[in-house]
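By letter and in written order, the chains are A, B, C and D; residue numbering begins at 1 in each of them.
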Amino acid sequence: MANLVRFGVSLEKELLHRFDACLRQKNYNCRSEGIRDLIRESLVKQEWLEGNEVAGTITIIYDHHRRELVNKLTDIQHDFGSSIISTQHIHLDHHNCLEIIAVKGRPQVAQKLADMLKAVKGVKHTTLSMSSTGKCI
Amino acid sequence: MANLVRFGVSLEKELLHRFDACLRQKNYNCRSEGIRDLIRESLVKQEWLEGNEVAGTITIIYDHHRRELVNKLTDIQHDFGSSIISTQHIHLDHHNCLEIIAVKGRPQVAQKLADMLKAVKGVKHTTLSMSSTGKCI
Amino acid sequence: MANLVRFGVSLEKELLHRFDACLRQKNYNCRSEGIRDLIRESLVKQEWLEGNEVAGTITIIYDHHRRELVNKLTDIQHDFGSSIISTQHIHLDHHNCLEIIAVKGRPQVAQKLADMLKAVKGVKHTTLSMSSTGKCI
Amino acid sequence: MANLVRFGVSLEKELLHRFDACLRQKNYNCRSEGIRDLIRESLVKQEWLEGNEVAGTITIIYDHHRRELVNKLTDIQHDFGSSIISTQHIHLDHHNCLEIIAVKGRPQVAQKLADMLKAVKGVKHTTLSMSSTGKCI
């Protein structure tokens, strides 16, 4: 399907040997796939730096018993509606919720949304994972 | 609901002034909440280091047209069934899928699952975000 | 010497208990010092984001037997002379050198210098550690 | 000098095009060098995970006017004498010192030393940069 090209890389023998061992340990069964993954990771970092369109995941942990918390989270998510693809809600236990928000858009907007959610009283922890729309990798 | 205590922190005046400015910029309207968030983040880092039960999110980007890819991803997820809470699948475009897997368990198991998914040919990018079950923060 | 102020933080009892245990493990014998460190770390992150004057350390590993390598490293360092405070050179073994460059200036300039050094053939590894001039923390 | 080998990597044409553009932006003038750097970075991460011998840099910022601070830092450094290669001290301004400690040994020991220095009252900021002895990369 994709338009494949092939190129050569020269490398110290010992270094290649160690890289292969490292790939085996990580369940790769193909060296090219390992190299492609390193290349793609370097490109995704660049996408986030350059401010192009990215995708990512915001994960928040909160206690849903906190007054007004759920309303505030909903309000904020509506304000960022055009950047949010979908939301997954998980009941961890009687108190704690895990909410995962898939986002797409400019990195600054994703970061702003994560910051807004994090600052809400009752939100215990927030992470933003930096992924990609897959178009350029 | 929670059993609150209050304690004092002494700090250079200038440092407090700068911290308050930083909190305002990040949408906090309460200094205690800002401090609590810093404390919780330090505890979540510790939970992941110590190998206790954690929660987290694995985000993968892949091209669903790759032969056998979806079957392999499903097989791996079944092998880790007891650590996976739920999965969210998003069609980014004609080729690219974003899949978000909510996990709970020991950090090493979450990392192993992320490594296994990452090594599958056709998976373009994988991130593991380190969150918490919320019980200890 | 510094102008100290004191303020109160309210917190769940259990959370404070866990934070104190975590501080003991990290050799702190004063809770305020632990909180101050968290606050300062959040401010240093902000300094690097905002592009104000920062300090930091660039650590490079290289094989000094590579032709022209030392000359190229010296040339680059001279081009960034106004950002470099000092350099420490360590002979790790017959081949490998560890060079540590203390830098001060805008974060973008420190990053650019690190990128330039990293791209030189024979430089095996480069890290940029993000620290502070200490003035604002 | 080193024992070079050459191997082929197959890759989507578009992905290679983007990687090349990214390398040019980062001052690389050779694609193999870019790939080697990605490989070496992945191996250094592995060295730190596996607990083998590593090298690194601890950077601390402190106010030398704080009573007893310099003595405490010296005591700690003597306790870790066998892991410390050398120390560089820089006067940032009338109050603030930047001290850079080059370390070699097991990752856990380097981390412990960084933690001990960080917990000393008057030390404002501590970073540990993860580098390599260069032997295995």
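The definition used in the following text is that contacts are C-beta pairs under 8 Å (C-beta built on N, C-alpha and C of every residue); 3 or more make two chains touch, one makes a residue touch a chain.
Model, not experiment: these values are computed from the prediction.
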Ask   = Per the centroid of Cα atoms for each chain, what is the distance between subunit A and subunit C, given in Å?
value = 25
Query = How many angstrom between the C-alpha centroids of subunit D and subunit C?
reply = 9
Message = By the touch rule stated above, which residues of subunit B touch at least two different other chains?
response = 40, 137
Request  = With chains as vertices and touches as edges, which is it: line, ring, star, complete or other?
outcome  = ring
Query = Where do chains touch, given as pairs?
reply = A-B, A-D, B-C, C-D
Request  = Within their complex, state which residues of subunit B touch subunit C.
outcome  = 2-16, 18-19, 22, 31-32, 35-36, 38-40, 42-43, 46, 136-137
Query = Any idea which subunit A residues touch subunit B in the complex?
reply = 1, 26-30, 33, 37, 40-41, 44, 55-57, 59, 61-63, 65, 85-86, 88, 90, 92-93, 95-98, 100, 102, 104, 115-116, 118-119, 121, 124-125, 127-135, 137
